[in-house]
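To keep things simple, chains are lettered A, B and C as they appear, and every chain counts its residues starting from 1.
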């Protein structure tokens, strides 16, 4: 007899089909090509203005960045979570499913909030990047609940989280004029605290029944390093993907590059300093070395200077390792927050750091430093509708709003996910693929003996 | 004594060296740089026309797409096939060898058929993409015969298949004016049915002798997911790599992105619905989730709309899972087609679906929808030499031609590959790396005891 | 009791923090944004010249190449070295640490030697690529000493090697006007012979105590293939990353593509010909198949023709396999050079071959072949300050200088690294992660029994 509660035969197909059919209907009603993807619209301009070149299509400015972001979402997040010994299928596989749903839903939600054009949502490469960004936020929350949730719970979480993400992003970027190109606030802080609240509500006092599976093995740590390294390498593309063209995109990528490099050195130093026996801890390397990318998410497009970026990254690595070493155990024992991947240390605290750095950097922005580029980085300051101090204040306020949205949203969604019909695993079956996947056996023993037999048989045949 | 038949000491070097020397000679005689790669030709234009910019070099339009396609060919196809427990070296390694040969041979064959310039083949980034595309078709066929063929057989198959691919592509794209930018017909349908016919002729009634190796283990499935995810992520680049610049490239990438996302949801739903115990089956996730890319290969560049793309992807995922579940066993038992990777489900049926969708979308194409872009997507319709219905008919005819070429070509090549000198493995040695590779042992037992011994020894040395 | 000598609790944090703080201070004093990353400078041009487009920002010419190079440095080199059975954490992890340090230090050293602007180092995407290139050279040397050095030794090696690299590069590219876009000399020859000399000085007569760990297991070879394939795929981007825009970048990528393809066929042929039992050897495939990229590093940007590139790649593969098979054992037994990854065969000899090919190709360069492009590939020849023969002689001289710098530099740095305080592992603890890392256990035995127990328990609960 199988476990009826976690059996997905009807629940998962029903969820997938209903969601996808709703998506298809809404896309049919609401979504159209934008000026750069529509055959008629792009070629109208093309034929009237003679100086016009195919290069002006936003595709060529943004598609390489999009692909790097895409790799981070599907390979980066997916493999980073394969560190658990028996949860590799679910880590990559549920990441894949949740991301494929979220990017479609995000297209609608972001399109709806960021402005309809005559009742239609216009899409192109920039909306694709933004959809991937929103998806990233959902995957951060997934990291907090990893191993303890069914795929149906994750899809339901995504439905709500994408919606709230779009509302928060709308408040920040559209209403308040906040700058947050790499999403220290909108993506990382939001996703982390949302996920932490969900896992708080889903607290399992008897999770130690699955304790022996809540750790890595040698090869699973190597798979996880694939995720880490891809996230690390492409973070410059992530932070710069939707900045203004030209110097802003260029500068953001470079600031992030140096922030990450500095972060890596402080992470290795802190790991050896704090870990048992002076040995390096893979958890720190896999996660804290990325905090420099998170922390450069807001200020990366600003004139932070490489020097400033390195300081930010250096601090982010230190904070993150300390979080893994000292704060996570306290969160679990005192606050009952079971944060499987430690998203508080990789996305939460570094996200808040990034928001603060962004607020400070905005405050000191001046025409002397930015020149005409001020219009691109701080349009509201450049056009005189606010001064730099005010912009800095708005940035700080945005952090508070994001924390509020994430915390209350996460709490509410946590309660929804507690409904038993969503098929959460039992306490002693967490961190275990075989609840939701057909899992093959391990490599058969006695393989070499078999092969010897094969060869002997063949030899006999040939000599016969 | 070793098995003389599968011993590659002379066969493989002879094949590799003879093929490569022929390639080098033919390149020396026939191949020259095109206008964008030749120092003299590119800079001639450069110096006379003042408005000319380095950006007009096709490199900047196509090289990022090329690299994504390249990753699909070598990492995507290579790792997708590592799911077998003892065939990882061969999957990645023979994929590597066959692809490295095929891309050179394809440069010649495609250059020959698609038009010589004063007896010379002109090459640049677009020909590189086309060579990779043709290679992809060979690798699809490789998937059908995976585990049952020697590297020499694979190279011989590639010699013939690349040639036939180029003929078929010439008939479709050049003679008939068929549109098939992402190769639903030329690449996927052709490669799948060609491979299925080859494996039909190579039918092994006693393949169950290797049955215990024709399945995955836990880690091999994770390696395969690397292939899956890379194919999935970069498929938008694949379908858009050789479309017209500008909106066409942009639109194709976006249509494919949404087709794949929808396909992923239907794949997960169908997998849970049809699999044992309501659990997800890795074979479905690794393969069927990609069918949305295949099915958007022809219509992706057309004004399919995101909505239409999602419907296509959604159907492709359903068809593909059903194929794995119900059709593949029948193909093997009734038609004697042993399709190791299930290429019929991933490339065959979704390719046919893509061709049909392309034909229908072409039929309904109108100036009202495409505007001046009609010249770029359907040049023959735009210039009045045919109407949209006729174009749709040509598209449908092209599918029939492709199926015919693939089936008869595959049958003929299958008979050639039966020659014993090519070193096919015995029935009980299929799906086994150690026939063709020096395979290391598994991780030594007792590792921890050893390390304890090491540390004790060192401690003693230090305290001495 | 733990081993005090290899304990990294204080050594590694001290090294990381001191180095990073020095880097931050020097960046603060010396480094500023260049014209394309500075908000004021880029937008000044932008607003005065009306024809000016954001596309003229070097970011769009070079960033996709940069990301490919970045992947080669962190994934390519990192995973290529994971072939050792118990050294995967260190291979990827120390590669990560050393690279993150080196790219920062290289920014300073290369900026210092290649020209300060009013006492400042100007940085942008091209300097980022150059920093990654220099890092690549350090990682090649790492390959020679892999498994036998502590992370502190590696960081110290990087400090000196980056400095010497920058000096050598300055002599070649700036003083002598040598052409070496893909770094056959500056990167590969330099890195290989530097590393070989370091490992010569660090010779361990009793290394056979760790012999049983100095080999691969099945899965570690598959992880290594991830590194190989990424290096192979992105090598065209590597060689073309800092060439002139336009045809030069395009041509270099294409020449490298064909060189690598030809190299792969000769590698497979030679491997089967020379290996035991006619079977392929993973060491050859993982390494020698890349030699075609190394050998096309200097001449790749020249009018080498695809035909010439294929000959170069073909020879490189042959030389490299022969080196692994016959030369490496001699280097170890006679010259006492213990070259863990065989960098002499992958980077050393192919690098020298590439330098020679470059010298010959430069010698035969003519205005008839290059046209106005001569100014871009050989500016000194185009402006008449030297003739092609002289350029060829300079290329040959540059090889000699590079070999001299690498050999003497490597010897000197080797002696520094012998200082016991740097924490090298004992002879019987080489090739072993657990000296420097907290290593998890292997997958627990009896997993399936446990799961059965879990399911039974759950069933009972549900039926209760």
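In this section, a residue touches a chain if its C-beta (ideal position, glycine included) is under 8 Å from a C-beta of that chain, and two chains touch if they have at least 3 such contacts.
Bear in mind the structure is a predicted one, so any value in this text is a computation, not a measurement.
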| item | value |
| --- | --- |
| When chain B is superposed on chain C by its C-alpha atoms, the rotation angle in degrees, nearest 5 | 120 |
| Shared interface numbering between chain C and chain A [over half = same, under half = different] | different |
| Euclidean distance of C-alpha centroids - chain A vs chain C, Å | 30 |
| Where chain A touches two or more other chains at once, by residue number | 2, 55, 60, 64, 219, 226, 434, 441-442 |
| Interface residues, chain A side, partner chain B - complex | 2, 7-17, 19-20, 23-24, 27-28, 31-33, 36-44, 46-47, 54-55, 57-60, 63-64, 67, 70-71, 74-75, 78-79, 82, 88-89, 92-93, 96-97, 100-101, 103-104, 123-125, 128, 151, 219, 223, 226, 434, 436-444, 447-448, 451, 454-455, 457-459, 461-463 |
| Of chain A, residues touching chain C in the complex | 1-5, 55, 60-61, 64, 68, 85-86, 212, 215-219, 221-222, 225-226, 229-230, 232-234, 237, 245-251, 253-254, 257-258, 260-262, 264-266, 268-270, 272-273, 275-282, 285, 289, 303, 305-307, 310-311, 314, 369-377, 426, 428-429, 432, 434, 441-442 |
